[in-house]
Amino acid sequence: MSGNSFGKLFTVTSFGESHGAALGCIIDGCPPGLELSVEDMQRDLDRRKPGTSRHTTQRREADEVKILSGVFEGKTTGTPIGLVIENTDQRSKDYSKISEQFRPAHADYTYMHKYGVRDYRGGGRSSARETAMRVAAGAVARKFLEQRLGITIRGYLSQLGPIKIEKLDWEQVDQNPFFCPDVDKVAEMEAYMDALRKEGNSIGARINVVAEGVPPGLGEPIFDRLDADLAHALMSINAVKGVEIGAGFGCIDQKGTEHRDELTPEGFLSNHSGGVLGGISSGQPILASIALKPTSSLRLPGRSIDVNGNPVEVITTGRHDPCVGIRATPIAEAMMAIVLMDHYLRHRGQNADVSVATPDIGQA
Amino acid sequence: MSGNSFGKLFTVTSFGESHGAALGCIIDGCPPGLELSVEDMQRDLDRRKPGTSRHTTQRREADEVKILSGVFEGKTTGTPIGLVIENTDQRSKDYSKISEQFRPAHADYTYMHKYGVRDYRGGGRSSARETAMRVAAGAVARKFLEQRLGITIRGYLSQLGPIKIEKLDWEQVDQNPFFCPDVDKVAEMEAYMDALRKEGNSIGARINVVAEGVPPGLGEPIFDRLDADLAHALMSINAVKGVEIGAGFGCIDQKGTEHRDELTPEGFLSNHSGGVLGGISSGQPILASIALKPTSSLRLPGRSIDVNGNPVEVITTGRHDPCVGIRATPIAEAMMAIVLMDHYLRHRGQNADVSVATPDIGQA
Amino acid sequence: MSGNSFGKLFTVTSFGESHGAALGCIIDGCPPGLELSVEDMQRDLDRRKPGTSRHTTQRREADEVKILSGVFEGKTTGTPIGLVIENTDQRSKDYSKISEQFRPAHADYTYMHKYGVRDYRGGGRSSARETAMRVAAGAVARKFLEQRLGITIRGYLSQLGPIKIEKLDWEQVDQNPFFCPDVDKVAEMEAYMDALRKEGNSIGARINVVAEGVPPGLGEPIFDRLDADLAHALMSINAVKGVEIGAGFGCIDQKGTEHRDELTPEGFLSNHSGGVLGGISSGQPILASIALKPTSSLRLPGRSIDVNGNPVEVITTGRHDPCVGIRATPIAEAMMAIVLMDHYLRHRGQNADVSVATPDIGQA
Amino acid sequence: MSGNSFGKLFTVTSFGESHGAALGCIIDGCPPGLELSVEDMQRDLDRRKPGTSRHTTQRREADEVKILSGVFEGKTTGTPIGLVIENTDQRSKDYSKISEQFRPAHADYTYMHKYGVRDYRGGGRSSARETAMRVAAGAVARKFLEQRLGITIRGYLSQLGPIKIEKLDWEQVDQNPFFCPDVDKVAEMEAYMDALRKEGNSIGARINVVAEGVPPGLGEPIFDRLDADLAHALMSINAVKGVEIGAGFGCIDQKGTEHRDELTPEGFLSNHSGGVLGGISSGQPILASIALKPTSSLRLPGRSIDVNGNPVEVITTGRHDPCVGIRATPIAEAMMAIVLMDHYLRHRGQNADVSVATPDIGQA
């Protein structure tokens, strides 16, 4: 398969450029009989949507998704679900400069090198705009997982530049523009972001995602382990530079006696594994954490070259997120949903009739 | 595809359990005309092999690989390469305990839950023993990449528990049992490991891998980005809990002006991206770093349950690595080689005749 | 992958039901730099389109395709090409009967059994209407193959029920509503179809497809042979019940001396192989032939059962092709184009730098 | 994936050349808990084995399969099953001629053109010897299908050159060297083959395969229809030039009223569809028929060219089947088993919990 599909049995294939006519995707392999409407997707799309606070880009996209197939009389039919979002906010703009220059830390240089041509309007295919379709597709997976299996997937911002959260209150996450679960840090984040915007600079962030209620048994060793597929899915999100499962890099200086999650008849005593053992879900919450780099589009000048190899000074004007990490929470949730959905179907295909003799324990 | 294959055009499919008759793999898609002999694989197999110092498991496996197909008159023919390594050190042992208990932080519980049955001898399929085949397959990729494209892939241990290296001297890496590039840290590591072994405990580690000479253009956005496939490949290695590309988690508190790698006609001025922009190689060195958890097999007792759900105290005797990270360097190199090989072929399939107008720059 | 994608490097993924909002597909893996416009697809779409003569269904679909992505300034960019065709002729109709009954030889029974639900309007996903997207995607492949490699792909009707053609005049194929290359048979076919329509019955057909200019070397044994992938592609077209390559079933009573295509320095002396030896193209024309069953939608009553298992008499009214084979020529051409395109890219990925020592011969 | 894997969830990947060290395959995705031993495979391997009558090649291969992994205490564990068959009858022979010439109707020319190199000993990878691994893998699928689902798969020779069978008596199939189900034709076939062998020529054949007990619902439209995957699988067998499902090419001159299989509460009234409607199994027997070309290795001289493009006269000596079709029956059965197994798992993955409201009917 070419590179725009994800998943083996629950397969999402996507298309669309930032300033093209539309974005779209095909969800192939959604089981039949799931109640599905655009509202199911719109909630998450709205959470990802730009322009909802002064801390994100002021580009305004309605991000209204249309279902073109695969749903009949309000339910999925088992046939592919075609989705499309029309691009509406395509300001006419002078692209002559951007078409001639390679913006530092952007995909301009590599796309040009790979394909010999690029759609430079708004970053084209390399724009984070494509993540809208991930969110739409993830919403379908999420609905199935919630309704049929009782799995919930939630994410939050755990670090914004130097500011780390100190407590996790799920109630708070959707109450502020940062998906921050620590209400005491919100004002600090707001001030930080205001200063950053004024400065013309950008900053990185860390997002955590948690899936609860995942049954044990998902994951297909040795290459398609659940954690490996999660790493693939999460690292494929624009701007992500690191992925951790459970203790992540913290495990380096853990001793074995500290890291190993002991089991009791009542459940695991800790969750350093992040809910995955040997590449297979253990029944504990799946814990993933990702690092997102600072936005590359800055109005502060940077050195670069033009298409002829001559040195230029690049200034990126326009409407950009000073912290792409902020809007990444629903995207990371969506990718985790897609991975779990796919692995649920794969597991069920090959092991549906396994009679499990192991005691069913779980939560740390 | 089921879960034991990796790669789209250069595809490695593997089989084998720790204490089964043999391990093996099929490399499908290796281009024809590559000179190949067992010696090409044996070098890396020997680097991964257990029992080469007192700091790794004393299990003794010859790890002698046989080529069963795909090579004729010393050269690959383009047909699948069948490889096999016979297991020789299968001590008869009493497995009655291990077959009844779930060792903490092991795959015992999840394999049993997934499959309803498990080969408990030495961890069966979940044993790191399978990584021998990754190394063998990686050696084929590595040879092609080196000979045809001048790409070199090298790894090193950058942290052993609390001990971080402070300098990178490639000459040192193969001169000590840790793949440590900082000669000044070797004695400290030796002392640390000796104490750890005495204590009966284990420790985590960090491995870095670097690919130099990678041409720009490899990677297939948006899902099969080069960094996403690397994350998949590296996270699929036993015990890995985190993957970073370039600045990795360090990017969280970087500002945009700091993180962005500026370009000049002479090349990039830094390499925070780790050689990947927009999911496509930039021509800079590819930088990846992984965290490996401490070995789970400990002779220090831990709480667990047996197959009937009753509490038990688990003690794991036998020959185990107190730091699985130590032997992971050649494995990580192998997985990076396989990913680059696969992406080189994929890129060539679709973009072989692209006439690249972009200036060819590179090294940071 | 789920079942709605075809091809490994040139991948077509499709969605859409007969009476849904729209049909669409994503072409992933088209090389960059190919000039592409809707006109390139419209020609073949119009050849497949219903309602162009009295011998096909009178349903009227404009079949106007829109390009939503992947093309910039008139050329492909290497990113996925999103295509969509809106359904316009969705007559409001009483579906109460069809929703309760299983029409004989239709997919009604099997879709219901598989998915537990079905979109019964016009056959839903099982309708041949989806083949419009195959034709659109095939047109992209065809353009590449023609422009870059000089490959031409042409099909024709070689048998309509009892009427077999006796000569092959390519000029005639697009001059009659049957894609019949034998002008002497056209009147006979017209009379036959008129009688059939009057009778309320339907009939089968045979279509041949020929690709000329295919370079030797395409095909990936042992499973993804070129002929095996062609068989997959062609058998996946609605109503196809048989596929032949070259001599096809005629080879059963051929002796070896008769079947083997002898070679001379000037080329092969015959083409019983149909251009494929050992699963790899030989440089000769690729010859495929398919059998299409008679349309199942008849106004002549047939025995069946309803969803409760009770016997019913089914009469299918509405606008149907009395011979689905007639419109299948452009579809078969499209599928052959997609297969050749995919195999060209796959071959190029793995063997692009093979220096071929074999003499280059070809045409029979 | 490269071309030596078949199946999405039940995946068979194969390696090995005719005169290499060994043949082997990996079966990935076999559900756990299936009792499996070499005997289960040996029965079918022996049916395919050369040298069992004077009508097949006198090459003697023991074809003894070894299980290297994936089976523990007599049962599959859900991990990949590694199989290997060592080549034992590798006569030292003078290959100088064959290495310089392209035998007509062989893969010599195309392999050389594709790869630039070839293992010419006994046809290398293009030899039908690889089908031994198909049979071994198919036996695993077959055992699962029989034990768990009550599916039986049986094949027979329905035509040998000009001789067509007139009756189908399953009891006879394994009673003669031809897999001929019509006892009255056996003597005629023996005489025909004796004359053919004396003449030094070869002949084609037709094989039919029938799967009974297949539940409705298997197949993944629109591209991975059950019939399309069967066509892929069967056309990938060496020497196959045509594939039919159900009525096959016979449907061309059938009218709709004749072809459509009417349904009654007691079942279908005929089976022209061959058990597949809309690409999904209907519960009726699956019927497939294939055409195999005459063996290309003849001692009767034929015109060809050498590697320098000069004309040569080729005579193929050695031990060859005068009718490759004879031994193809177990191979065709195996491929059908693999396809059904894979589709059973795929269906179960996505539709396992569909509550089917349709009446369950079946046999014609």
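Some notes on this structure:
Letters A, B, C and D mark the chains as written, and numbering starts fresh at 1 in each.
Convention: a residue touches a chain if its C-beta (ideal position, glycine included) is under 8 Å from a C-beta of that chain, and two chains touch if they have at least 3 such contacts.
In UniProt terms, the chains line up like this: A, B, C, D = Chorismate synthase.
Note that this is a predicted model, so its numbers are computed, not measured.
Counting C-beta pairs in contact across B-D and across B-C gives the higher total for B-D. Distance from the centre of subunit A peaks at D, each centre being the average of the chain's Cα atoms. Remark: subunit A and subunit B have CA centroids separated by 26 Å (rounded to whole angstrom). In terms of their C-alpha centroids, the spacing between subunit B and subunit D amounts to 38 Å.
With centres taken as mean Cα positions, subunit C sits 45 Å from subunit B.
Residues of subunit A in contact with at least two other chains: 1-5, 8-9, 14, 29, 32-33, 78-79, 114-116, 125, 221, 346, 350-351, 354.
Residues 1-6, 8, 14, 102, 104-107, 109-116, 125-126, 130, 159, 161-162, 196, 201-206, 216-217, 219-225, 227-236, 238, 240-265, 269, 272-274, 276-283, 291-296, 298, 300, 302-305, 307-311, 346-347, 350-351, 354-359, 361 of subunit A are the ones touching subunit B in the complex.
The touching residues of subunit C, when paired with subunit B in their complex, are 8-9, 29, 31-33, 78-79, 148, 221, 345-346, 348-354. Subunit D meets subunit B in the complex at residues 1-5, 8-11, 13-17, 20-26, 28-29, 32-33, 66-70, 72, 75, 77-82, 84, 114-119, 124-125.
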